[in-house]
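Shared between the two complexes below is chain A, which has chain B as its partner in the first and chain C in the second.
And then the complex of A and B:
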């Protein structure tokens, strides 16, 4: 606990506690629609946090995180539907498989110093590979999709993740909080400092005796395994999986928009970014509904323009400047 | 009989591959000089492809006639893009440039979706159903014309970079940024010119591709990825490498689609990418210490 709060200012703690309390109490006040929006936000905050370990901490740009989401989703869903295995048990092989795939990609890339944009291409290539592969993988439905049984549940079956939206909300909320704490602790660990060194200058890190290859591998495997848990939620919340959707590159980009808008490498960036982007998307949807505009693409064009604006004018993301405004900008580097 | 069919498919793959090669050449030129990875490459190509549709539907113009005008439009687009939004990002970190172009790509895809709708569109030219019979092997005439045109554009580009003063100046920028500044080259203008040339390449490639295939707004990212796979396969910064990579990938996809299922064809190009990264990370034509 001391490690957790060490060096965090009192003001930051109060704000954090307030934020936590609002989120924890939210399901009691909001309607079903808003609850789904909140679940979406927290899902993106979680997935963004996981992605941030690779990009924000270790500086390895992955544009294929949909791969790990998809693997987590398909493994747990298949185990549940075919063998009745609870997702709480199924998530273990899901994390192992996602981590192993991450290790293979990392091994292929880092062994040859494939980095930066070329590494990003490799991650996309693997996600696309999986997308096409699952399209032809008839055991889990192929391109026709894979469905989880849906029924009206009178009570929450936490063991099998079958139940109300409120239950899902608290699960995703818990995941987001845990991911946040893990990342917070990681940043203060030896690995965290090594990652930042690698991010800033791989050559200098190598010269200081850091095993760059190994620590990059740690980042990829950890990020992949954690991201696959997001896939579990994806599968059990939406109850249907289509390779064309789950593994699509737009899923990967969706995941990384939050941390980039919020602030890469910061702990609150993914959360702030998820709130902003999902809020923006939903607000836009609402406005268009009111105006009676129903054109596919309008939302995304606007979305793209907002992204363009942020990338151009706020290269550090929203959180660093927001942090200053909230008066939290002293000494607590990175949080 | 079967060898004839396989040969037909292989030739068709090589011809399509030449067009792919021209597309990848654009990416390679932009990256080789400006050092910015054009993640909106395939999306820019879909703009060219829709220009073909518009010209064909409204004025009945053949894609082969539109080759030069559309390349010119894309050149202007590329030039302006570099000047207006990419130039401030030249010295920003890679991921920042990357995100900028992802945003541009997102806008292009959805603007096209908004204007043209999600359905697949194509053109039917007067020679769409013609074919050549070479020793019993049937080859689509359209593919032959498109591939020859792509090859001509590529050769002109080689000549431009080898023979003209501007081409040499651009290569100087690529070789040594500071040196180019010292000898008084207008690097900003040359960068914009290079981006324009790269965009013109995809413009030409997109125009030719319309003879061979259809277009949807959502296809852009797949072409971007294909261009990357080709460039990495052929060797970074190698112009012949881009063409060779294009032919190789075109051939692989055609044969893969024939022997397995067409929907799985791009798996084979990804497999080639992984093999290349494993055994020859510098690419087929790349230099060792590139």
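And then the complex of A and C:
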């Protein structure tokens, strides 16, 4: 517990508690539509947080995180539909498989000195490989898609993740909070320090006794395994999986926009970014709907404009400057 | 047996012989200076010792154990700390966190590493700037940070690559006194240096490299009288 609160100001704790309290109480006040928006936001906040471990902490740019989402989704969905395995059990093999795939990609890249842009391309290649592979993987429906049985559930079946949106909301909310705490603790651990060192200068990190290969591998495997949990939610919330959608590069990009706009390498960046992007995009959609304007692709244009604005005016992301405004800046690293 | 023994190491980069058959040793508790004109192979020598490159021939031992062919992190763990001529601070981290990373090499917990880092920062006079991002430091301070970070790994042997370059004479004297103090406490130092003021003050033992070869070694006085050294620094006509 001491480690958890070490170096966190009282003001930050109060604001954090308030923020999470509002989120916890939100389902009592919002309608079904807003609840779905909130689920989407928290889903992106969670996935962005996981991606941030690799890019924000260890400095390894992955542009293929949809791969791990997809693996988590397909593994748990197939185990559930074919064998009746609860997703709570299914998530164990899902995380192991995603982690193992992450390890393979990491090993290939770091062992043979593939880094920077080339590493990013490698991650895209693996995600595309999975997309095309699953297109032809008829055991789980191939290109025609894979569907989870949907029925009107009178009560929540938490064990099998069948139930109301409210239930899903609280699950994603819990995941987001847990991922936040894990990342907070990681940044204060030996691994956290080593990752930041590797991100800033791999040569200097190595000269200070850090096994750079090993710690990069830790980051990739952890990030992949955690991301696959997001896939479990994706599968059981949407109830349908199409390789063309799940593994598509636009999914990977969606995941990383949040942390980029919120602030790469910060703990709150992914959450702030997810709220800003999804929140504003949904707001925009609503306004367009009211005005009777139907423009497909407007969300993507909007995302592009947000990204442009942030890159030009807030290259460190929204959170670092927001943090200053909230008076939480103490010249320290992290949160 | 000397702490560091370098025997017959060579390294070529696609035909260019950067270091050729260099042999020297660094006795425990001493300060040895490695000097030579630009391009003499001093930094390559350092990189061979620190494990950045593998020597083509020869061997390097620390306390009698072979270290050539090991990775840089293994060599650091074995007890050699190094600085970089072109400083490589962890720019986004605070000065303190930079040094904490180094201290974690031997510390078993973050709290212990912070304590050690604070001690080292105090020694090098960086304590007042401990919470600043390293990117805000001036060059002399960055050089000091390099030393602090390497020192925090608690090395037996410290390799310093031109940490005085670009410093004012008073700053040089400051670092010299810090290094002498550390040396008194048992730290062995091998340094590359162009600032002769520092070399003279620190070291009774100078090694001169020229075109990748060791051409002379001895006390600063002996070196200054060696015609081969004068030739490589001043040209033949000067003699």
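Operating definition for what follows: the second predicted complex is superposed on the first by the 333 of 335 C-alpha atoms of A that agree within 3 Å, B and C clash if a C-alpha of one lies under 4 Å from a C-alpha of the other, contacts with A are read in each partner's own complex, and residues count from 1 in each chain.
Definition applied: a residue touches a chain if its C-beta (ideal position, glycine included) is under 8 Å from a C-beta of that chain, and two chains touch if they have at least 3 such contacts.
Since we're looking at a predicted model, the values are computed, not measured.
Taken together in the superposed arrangement on chain A, chain B and chain C fit without clashing. Applying the stated contact rule after C-alpha superposition, one finds that A:279 touches neither chain B nor chain C. Once the two complexes are laid over each other on the shared chain, residue contacts for A:188 go to chain C alone; chain B is not touched.
Once both structures are fitted onto chain A, a short way to say it is that chain B and chain C open up an angle of 80° at chain A, using Cα centres and rounding to the nearest 10. Contact with chain B, but none with chain C, is seen for A:249 once the two complexes are overlaid on the shared chain.
Taking chain B and chain C in turn and counting the residues of chain A each one touches, the greater count comes from B. After overlaying the two complexes on the shared chain, residue contacts for A:206 are found with chain C alone; chain B is out of touch.
By the document's definition of touching, neither partner reaches A:327: not chain B, not chain C. Contacts of A:196 after superposition: chain C is touched, whereas chain B is not reached. Looking at the shared chain after the overlay, A:124 reaches chain B, while chain C stays out of its contact range.
Between chain B and chain C, the minimal CA-CA distance in the chain A superposition rounds to 10 Å. In the superposition on chain A, no chain A position is in contact with chain B in one complex as well as with chain C in the other.
Chain A contributes residues 188-190, 193-194, 196-197, 199-201, 203-212, 265, 331-333 to its touches with chain C in the complex. Residues of chain C touching chain A in their complex: 50, 52, 71-73, 76-77, 81-82, 84, 88-94, 97, 100-102, 104-105, 110, 131-132, 149-150, 153.
Contact residues on chain B toward chain A in their complex (touch as defined above): 37, 85, 88, 92, 94-96, 98-100, 102-107, 109-114, 118, 217, 221, 225, 228-229, 232, 261, 263-264, 266-267, 270-271, 273-274, 277-278, 281.
Across the complex, chain A meets chain B through its residues 55, 61, 108-109, 112-114, 116-118, 120-122, 124-126, 128-129, 132-133, 135-136, 143, 249-250, 253, 260, 264, 295-301, 303-305, 307-308, 311-312, 315.
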